[in-house]
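Structure provided below as structure tokens; questions to follow.
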Amino acid sequence: MRTNLVATALITALLAAGCASASSSVNTLPFEAKSYPAEGVAACVKADDGTLQQGLSKIESIDESTVVFTLCAPDPAFLQKLSFVPFTIDDSGYLQSATADGSILDQPNGTGPFKLTGWAKEEQIVLGRNDKYWGEKAKAETLTFLFQGDSAARLLLLQSGAADGIDNVAESDYTSVSQDPDLKTYSRAALGSLFIGLNTSLAPFDDLRVRKAIALAIDSQRIVDNFFPTGSEKADYFTPCSVKYGCEGEPWYQKDLVAAKQLLADAGYPNGFEVTLSYRDTVRLSNPAPNEIAADVQAQLAEVGVKVKLEVLESATFYAETGAGRLPMFISGWVPDFLDTSNYLNLYFGKGAAPRFGEPVPAVGEALAQASVTYDSPERAAMFAQANNALRDAIIMVPLGHGASNLGFKSDVTGAHASPIADENFAVMDPGGRGKLVFVGSVEPASLFCADEGDNDAFRVCSQISEGLYGIKTGGTEPEPVLATGCTPSKDKLTWTCTIRKDVMFHNGASLDATDVVDSFVARWDCASPMHKGRTSVFQYWPFFSGFLNPESCTQPS
Amino acid sequence: MSLPVIFGILVAVFVITRLLPGDPCRALLGEKATEVACAAFNSRYGFDQPIPIQFLKYLQQVLTGDLGDSIRFGVPVTQLIVDRLPTTIELTAISLTIATFFGIKLGVRAATKRNSRTDVSTMIFANLGVSIPVFVLGLLLAYFFAVVLKGTPIALPPANRYTAGVIPTEIAVAWGLAGLQGPLRGLLDFISNMAIPNAILTLNPGNLVDAVKHLILPSVALATIPMAVIARITRSSLLDVLGSDYIRTARAKGLSEREVVSKHALRNALLPVATVVGLSLGGLLSGAVLTETIFGFAGIGRTISDAITARDYVVVQGVTVIVSVGYVVVNLIVDISYAYLDPRVRINS
Amino acid sequence: MSVQAQTPFRRALRSFLEQRTARVGLTLLLILITAALGADVFASYSPIDVLIDKEPGAIRLAGPCINALGCEGPQHIFGLDNNVRDVFARVLHGARLSLQVGFLTVGFAIVLGSLIGAVSGFVGGWVDNLFMRIMDVLLAFPSLLLAIAIVTVIGPGLINTQLAIGIVAIPIYARVMRASVLGLRDREFVSASRALGASEASILFRKILPNALTPIIVQGTLGIGGAILDVAALSFLGLGAQPPTAEWGSMIGADRNLLFSSPHVVVFPGIAITMTVLAFNLVGDGLRDALDPRLQR
């Protein structure tokens, strides 16, 4: 009798719980385990040497709260990649309907501390506090993003009181902001990388002596001292030293004008030569003063007889020309997607990179390929040392400086901070009790579906609205669990099991479960999926993690 | 008469956009553009087709009213136009009103005090505004009224159309017609995107004050451009009229100078001013590009400028066609009204 | 018929100089030309010389240092710019470039525009129709946007910028010239020349054009200021003269963000532009008043 009573009580309780949760969630469908891709589909791609390239092999939801990722090759940066803003989790029902009617571009639906209340295109993006947030609620009631490309105009917004915080305080304005008692500056670590590129396929840079002469003639300390914001560093390596393994190997050459002139004479240019230096006139973290820096490089090289003609190219032309390897000498910069040395070096110097610098340097490509699949260890350090040393010997680029950047806020904004990856967390900021927080970025996002976006300003807005399984700690660089309570790897590091947090709701009322996770990844991964649609549908961040499924579908017109 | 012009515009726009170096894929993806990604991209938009085919397709689309989807934003170009053109129209209309009002006043003053110190100082003042590059003027005005005068009753905001956080309700929604579709809805949305009509038609005095405050500085900055020309034309036209016979007769009759000027001379002097006002629209749109950028207005000038940089061919084509056709139409109206107002022109043409 | 006391030219000159506004404009213009011609003399530095490591104590964006007002050390009347170059030298040399920009651009547009307009107005018929329709197409585009597009196509740089702005300005002069020619071609001296056996071409170029020049000159003078401002606008958008060229428009456009922190870098070239545009506008107005027969009172 007693067991019957207990059983009845248990069953009643379960039924009651089941009814309660069914009525409070939009997902009234029972859970269905999903495994992707279908049986027999091989997702992994073999590299030339037979080893498997990094990527996703399988994703499956075991139960409502468990998702298992199977990788093709170990990925030392897996948790970092789970923290990418483009890999945030969307509700599967919303994903299906919103990609179909296009509303996914400007009507985001996330789990984050803020939700979108209005977007006046190219004027302002207005977010409102999510009062049903699973974690600590945002301090501000509304968060408005404005965007202004000119630093003087941004400064006006801050000084006039129209904004509570601005991004990228120009170096020339730094003093007036830091000395203003009503304002405060915050610094981001020096994480940009500015360099001069030399094309070994075009004379006179096909001669190593000439390239070395350039390297010895450049005084990068002078450039950093004069034109980079407070907190920036001279570059002795392509990668900043604050990034792990960034500074393995030998540091860059010291300035030596005499040796430079001698090398030029040896190479047959005792009186120097003429060359065109091309660059983009766009201020970014990596390049705080494009015209001034180019002019200074011009002035410095004039001292060894190299007559530089400056050429400003606008963005589209610049990328086309460098990508095709048509520019003999150019200045370019890199802003990291995530903080791993491979992210700095792979795009430019990895295997299969575009011929920006002429002939590729095999030693660098080899070392980088290996380092990408090796976990952090002395072996990995040695690989980066090899890559850096090979770069130093080949001199296809001259590192100039690592740019820092600064933010400005009103003094009464508590919780204001700078994020090294420019992804500030506005939920912890309180605008002096006023309830309305206004922040000015540089470039308005083209859409708020960050799976298909690539720039910083977009990511910053998206990350207030949407969250991923992991996220970067506020103001830091390490990943921490967010929508997952934890992800643990198997011994061979090929399988990761993630436990999904319970009782999390999307802004549209749907509950978070493992199906949402699987569908979110499938939408990005599978080119043949009807959910694989964004603003451009290129999903440019996905390749950092894995190849695409059904790659032939990636080329079909919509 | 205007049809060949419009066709010429279509051809010219197409040719220019295709001549721009680089391509939309690279512009969009930057350093990360790869061959594969761009191949996918180009085939999606038909950019891998031969140029004549692309041109025919473009013509066909324009004639059916389909201006395509923006490469950068993914939304229809017609949508962009409905969203952005009203802002520019509102800004330029207010600027032109300010410029005409003050320009005529200054021109009259200079003409009636011909060759005096007043004449000189008035004309220098009229020309000063246009001589300062508008983006510098805009920054200076914003600095003065927003930072220097911060906290005072006459402080003005430095940028944008509304205070941060304020997004006005659409007229259709405010009138309970949220479900309305079609051209009527398009028209309502068009009007809705003009700040002042929106505030009036949604009965929102708070927004009206906010909108007006935000419009003052940019319209004043922009107005300096046509104001100089209007002042100069008014002055020379008035001087011209003041020397004519019937004015001498009016003076001989004993009318006061003020009456002579305002009742008789001004009426005839204003005809050339009307033409100039029409002609200055082109210069206003150019100035609007810079003003909109400095003051953060989402207007059509800025949209085209950004689209050229981003190689958003579709937007450049679509918007330029609409704006140019609009310009032709406006000039046609001005020409017709000029002929209507001045019988001498009708006889001569 | 009374004897003409003066030649038309002297009458016009006198009429011009009688106007105060024209005198002010002329004065400004003379200052400008002096600066342009004497840039090497007045400025002790080169406009493109970077002074880092060359002059001890030279720091970026240093404000004006005038010895007579108590500042010690090397004299930089207008201060130093972002690359540690002497702003005074850049402003003076900029006068040359800006005058060049103004005259070349407008000159180019006048030559081509007048040719098109004159032929169009004189020949009439389908030629007139065709040319004017093409001009209408050009005029339909907002001038700045067309200039942006042209510069983007042919590449940045001062020469290309001038070309772009010149092309955009052609229709204006075409229309002005055409209107003048239309007014003159039915006059007696034209039919008289024809009766005397002169060819159509020589009538157009020897008789009509010289008489039609007045409005062109006036319009051109007014257009010079506009051309200088257009280069500034294009530099604002990143498409103007290339560094380290000392051209006013690109100095303001490229360095506008220094307006509040180091005003001397923007204000001095800004004043220079303003003075120049003002000068040409006032002179142009004065010319119009002086050469307009109806205003001879």
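Brief remarks follow.
Chains here go by letter, A, B and C, matching the order in which they are written, and residues are numbered from 1 within each.
Following the convention adopted for this analysis, a contact is a pair of C-beta atoms (placed from the backbone, for glycine too) under 8 Å apart; a residue touches a chain by one contact, two chains touch by 3 or more.
Please read these numbers as outputs of a predicted model, since none were measured by experiment.
For the pairs A-C and B-C, the larger set of C-beta contacts lies at B-C. Centrality annotation: B (chain centre taken as mean Cα position, compared with the mean over all protein Cα atoms). Each chain gets a centre from the mean of its Cα atoms; for chain A and chain B, those two points are 39 Å apart.
Taking each chain's centre as the average of its CA atoms, chain A and chain C sit 47 Å apart. Computed centre separation for the pair chain B/chain C is 24 angstrom, with centres defined by C-alpha atoms.
Under the contact definition stated at the top, the residues of chain B that touch 2 or more other chains are 20-21, 139, 143, 309.
Of all residues in chain A, those that touch two or more other chains are 150, 152, 156, 314.
Shown for chain C are the residues in touch with two or more other chains, namely 152, 256, 259-260. If you check the complex, the residues on chain C that touch chain B are 18-21, 24, 133-134, 136-145, 148-150, 152-153, 155, 225, 229, 232-233, 236-237, 249, 252-253, 256, 259-260, 266, 270, 273-278, 281-282, 285, 288-289, 292, 294-295, 297.
Looking at the complex, you find that chain B touches chain C at residues 4-5, 8-9, 12, 16-17, 19-21, 115-117, 119-120, 123-124, 127-128, 130-136, 139-140, 143, 228, 232, 235-236, 239-240, 243, 282-283, 285-287, 289-290, 301, 304-305, 308-309, 316, 320, 323-325, 327-328.
Listing the residues of chain A that touch chain C in their complex gives 150-152, 155-156, 170, 172-173, 175-176, 222, 226, 281, 289, 291-292, 294-296, 298-299, 310-314.
Across the complex, chain B meets chain A through its residues 20-24, 26-34, 36-37, 39-41, 43-46, 71-75, 83-84, 139, 142-143, 146-147, 150, 155, 157-165, 167, 293-294, 296-298, 302-303, 309-311.
Residue ranges on chain A touching chain B, taken from their complex, read 102, 105, 117-124, 126, 142, 144, 146-150, 152-153, 156-157, 159-163, 314-320, 323, 332, 334, 347, 354, 436, 438, 446-447, 454, 535-538, 540, 551, 554-558.
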